[in-house]
Amino acid sequence: MPNVLAAVMPGAGRPIQTRELPEPSLEADSGLLDVHLSEVCGTDVHLRDGRLAGVPYPIIPGHVSAGILSKIRGTLLDIHGQPLREGDRITFLDVHGTCNACWHCLVAKASTRCPHRKVYGITFGLADGLTGGWATQLYLKPGTRCIRLADLAFETYMAAGCSLPTALHAIDRAGVRLGDTVLVLGSGPVGLSAVVFAKMAGALNVLCIGNPASRLDAARQAGADAALDFMSCDDAARIEWVRSHTQGRGADITIEATGAPAAVVQAMRFTRDAGRVVVVGQYTDHGEIPFNPHLDLNRKHLDIRGCWGSDFSHFYRGVEILKDPHRARPWAEMRMQRFGLHQTNEALAAVESRQVVKALIDPKMG
Amino acid sequence: MPNVLAAVMPGAGRPIQTRELPEPSLEADSGLLDVHLSEVCGTDVHLRDGRLAGVPYPIIPGHVSAGILSKIRGTLLDIHGQPLREGDRITFLDVHGTCNACWHCLVAKASTRCPHRKVYGITFGLADGLTGGWATQLYLKPGTRCIRLADLAFETYMAAGCSLPTALHAIDRAGVRLGDTVLVLGSGPVGLSAVVFAKMAGALNVLCIGNPASRLDAARQAGADAALDFMSCDDAARIEWVRSHTQGRGADITIEATGAPAAVVQAMRFTRDAGRVVVVGQYTDHGEIPFNPHLDLNRKHLDIRGCWGSDFSHFYRGVEILKDPHRARPWAEMRMQRFGLHQTNEALAAVESRQVVKALIDPKMG
Amino acid sequence: MPNVLAAVMPGAGRPIQTRELPEPSLEADSGLLDVHLSEVCGTDVHLRDGRLAGVPYPIIPGHVSAGILSKIRGTLLDIHGQPLREGDRITFLDVHGTCNACWHCLVAKASTRCPHRKVYGITFGLADGLTGGWATQLYLKPGTRCIRLADLAFETYMAAGCSLPTALHAIDRAGVRLGDTVLVLGSGPVGLSAVVFAKMAGALNVLCIGNPASRLDAARQAGADAALDFMSCDDAARIEWVRSHTQGRGADITIEATGAPAAVVQAMRFTRDAGRVVVVGQYTDHGEIPFNPHLDLNRKHLDIRGCWGSDFSHFYRGVEILKDPHRARPWAEMRMQRFGLHQTNEALAAVESRQVVKALIDPKMG
Amino acid sequence: MPNVLAAVMPGAGRPIQTRELPEPSLEADSGLLDVHLSEVCGTDVHLRDGRLAGVPYPIIPGHVSAGILSKIRGTLLDIHGQPLREGDRITFLDVHGTCNACWHCLVAKASTRCPHRKVYGITFGLADGLTGGWATQLYLKPGTRCIRLADLAFETYMAAGCSLPTALHAIDRAGVRLGDTVLVLGSGPVGLSAVVFAKMAGALNVLCIGNPASRLDAARQAGADAALDFMSCDDAARIEWVRSHTQGRGADITIEATGAPAAVVQAMRFTRDAGRVVVVGQYTDHGEIPFNPHLDLNRKHLDIRGCWGSDFSHFYRGVEILKDPHRARPWAEMRMQRFGLHQTNEALAAVESRQVVKALIDPKMG
């Protein structure tokens, strides 16, 4: 039986090692994915640094991946009830095991808060099998939700990657109306996808505040009508900039996608009275930040909406959108950098320093 | 022409004086209200202390009042197009002059943020005429929106007072579903009305955290299934109390009606994942408070909704509800204390110290 | 092994027979319910008459039932993850097998349209086992969603029965605001539960048009402020009656719960401009009815919302509400008639003729 | 004083005559518009044929117009509070006098159902002054809501014309989500604008069923992914066509913009389970049509939303969108035909026969 090469993160604060692992035997209704590309995202940096709770180290990182179905045992169905076949080009939802049996799933209908939910590459670990995409092969457990990519290029799909369902969920929560002004805070992958989606949802005016310059260029290319370098000015100047682009009122909708606690409070201040703020960037705990409930929230009659994770609907709709070449163009044009399985530590460093807009692991590079 | 007796607040930090003023001559389509009762609310304490911006001192306080139409010049219509008549028992919307011509009114449909909006007893001053209810007569400017009280007792209406539209707006924003658990923070007039409305909207379980004991008794009488004295325990014990009443999850909906910035952050922590927080108590600036955007908002997938002011719809629907004796019972049973026009400083002191659940000015007492 | 007595409906248009059947052996994670009460509803009349498609005759009718867990093999968990035990007083969701894997479940989030959905007593038949409540024992298949009744009386629960989740779903769709006028068309079980829920959701004025007089009395007892006998007048008089109770405007919300196609069009005409109509009564095909799209729909700016089936959330919340004795009172006071397993044909006749408000099968009567 | 040339519709069924009328003297805060272009829409055909109730003949048709402010007496403000000036290029909302004082305006917040609402060119007649756009000058009554066109070409604005706010309102009601399939029934001006807006709102797949071929070409140019000639096939083939473009499910959203009652029922049948139908085409009474409430509505769990008129928000947002040349492109490319004031009868005939996609009156042509 051929062996699998995988990048293993042994524990918090420790460098990734490449290991050779045996190819697994398959349970009924499971499969094996020949990984072509897997993503390196900010969460992977947090994983390396031990900033997430409940991670069962050692793990194989890589929660969003795409490739070719190399083996199937039993039956894997898509959501139209059609069986998948070996040789199909697919991706799959990284979230697994949402139980559809608990209070959160059934009564609150908030499946992203289901306590049984696991995520490939994050809360599945090596003990659960080949459950991350930074490997030549990935094990598709029974119940994994796969989607055929058809003609969609792996590169284009991966340019969107995990930011695709996350940003789509944020835009759903934002409730964009035709003609709105949408301000996106952050120019990382989620911010850039939010820029694309905000424009696609009919925003007339999409603003972006981010950093560094290379990513602001990407934001403009993704459709932002104006972009401001966060590092170029202070809070007062930022508010002034937003007002100058919104007839003095502030944005109708602000989407926070930065990770910095201060950005959440700035989002409130950048938004017009009776507007909306979607908070999608606070995936790890970076501490507290002060705000003024009277000035920043109540008197403004704001709506502030937290946005945690995503579910299959966001993922599925996102891929359907990418299958339209015209809609996919902003992602197809994003500049990415590929790293091999032996360069994963370098890939994490590149993401951390924001040298790249997006980094991908290409197991075929070796 | 007979004179009018009015309680005049001369400026921030100065005691109220009783003055004799001439009865005004009426413009076309205006009227004069023989005031029977006017409210003393927390806002009046803030007015005395100069905590609100844009107040044109000297003013006659008293934004919500009820009485008998003593004079009409021209025509005053109700919203059904029926003319009001002298002798009618009425109240009126304290908000005046919402312009229906600006961006906030016409495009954002957020009339509570209209810059032309004025409020009787707060942003109308003595220079605008007899524009507060702490007087024997009040001038109803053209365009004032009056509502007939029919058989509704002045006392019952005033027990609800300005908390009626405010709390109803908050409940609309809360989106209560049948069977929800609603937690109300605060047991002042808005908090108590929110307790009544939450129960009326189908909440199965209404919790209240407030102070002092007399108001918690009022909360229980108003329908709260359980009430906790805020002063009796620390933050950890409060969270424990909420969890013990919500199967460990937190409230589906929390309505903050306290005025204390810290309560806004506690509201987030008391609410279940994917729940809602309505912030209706932050009417004046009491400074900043720290919160954790990751733990308190994003990871919880919370909705937080500021709720500023109210419009005619809340006011009208609130009065219609009060006209149903069964629905009005919790307000009809509230204990209130009356003060004459010469006792307005004492009334403010009683409200400030929370000795009373509600204080009213009765100009007939002298 | 003891035998089970069951009422079996052999096919469309044929009388029910009582049969003795062997007690089944249990699969892993399944159970057996000692049935105390099971419902007879209008759907059962339709089943007898062959009006529903896809029914796998012979079947054991009885989709909503309550009783005591007599046997468990393996583990049955409630939605809080707590294991159920033999001796527990329970009910269970009649809908089984919603797949959580298809487009309707995962993307449209419309699980009531899942093609894999089966219903005990309707689309499960004798070939699937003891899958209806008109029997001394019922087989709880793996994956059946059970709810503990705790202290809730079987009679009170069954008075609500299948109308409980159906009417709750309809009220959720209706979006009742505090102070609304809600008109319910129909005074069968769903109509009566809709009356109770509309009042519970804060409607100020609940109207009911139904038939016969005994059910209108039940509607008034359930909380209707006014009730009209449908047979007492013609269309014009009905519209006049609705207007006379709604200040000439029509109802804010109309809930159609009759089964007669004409009622859907009348619902549009009884509703005010910019109001809402919920259609929940059209569970079988009774043919076409003409309406005027200009006058009845577009010019009125109406919202019309179909409401099909219900999901676990409606069922669970409904039972939680019934556990509150004050909230459950209208159901606890409903008059019902019990029939034994040998009287099921008589029970169907009584339901069909509307002689009873509600009929129940009590297998203990023999 | 110079005279005004106007096309006057004397009464139902009678040809339009051109009359010379005196230039009016201006009230305080009113103005005069030098009309450059005015629209001919389907409503004008209905006006000629006497199909609308409450029309105060004789009237000057032309409800949507654009031109240059030739005279102002007093002050006309835009919604930002900025005074308009003579020489400004403007348009104005045809709806006038929404009262902001009645139950519909204030409580239901359904201003399009305000009984005081008047419309230039339709319910304002000659007795009200120069109140239609088919004239060299139009009188802007006090309270008319004007919008500056800035650099927006009159032709582009008029290509959208009254379909702009109508279709935008319909899209707001439709609640398009990113990735949806939207089916538009009708390829007249409202249908074409709905196609543009549906695409702009993020629909992935926009289908159009209309007629004749020239308008289907316009629909494709406006962004429709597929278009079907209504006259080319029967109902069964149309349903088959829709299914073949929607993975067998039907459209997520169908927007009816035809005027034919049968299209409303077809809209229900073309839409997927749990989808939405917006009915915006039924502006005049063309009689009844049968539908099946079980099959077409309840079992499908459909939402059907009537959509009457539009308000200032739709109009304002629509013009803002047109000011973006990229967004305006589909309208800028529409083929229109101009008619002079002496050719209005011919213009109506051209619209009635659908020979033109859009007809405009150009008073400068004489």
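To keep things simple, chains are lettered A, B, C and D as they appear, and every chain counts its residues starting from 1.
In the analysis below, a contact is a pair of C-beta atoms (placed from the backbone, for glycine too) under 8 Å apart; a residue touches a chain by one contact, two chains touch by 3 or more.
Just so you know, these numbers come straight off a predicted model, no measurement behind them.
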For chain C and chain D, chains touching each: A, B
Chain pair equivalent in interface to C-D, over half of contacts matched, among A-D, A-B or B-C: A-B
Centroid spacing, where centroids are CA-atom means, of chain A and chain D in whole angstrom: 41
Distance between chain centroids, defined by C-alpha means - chain B, chain D (Å): 42
Multi-chain contact sites of chain B, meaning residues that touch two or more partners: 80, 103, 317
Footprint of chain D on chain A - complex, ascending: 80, 168, 171-172, 177-179, 197, 200-202, 204, 247, 317-318, 320-321, 324, 327
Partner chain A, residues of chain C touching it in the complex: 77, 79-81, 98, 100-103, 106-107, 109, 145, 311-313, 316-317
Interface residues, chain C side, partner chain D - complex: 103-104, 108, 110, 112-113, 247, 249, 261, 264, 272-274, 279-295, 297-309
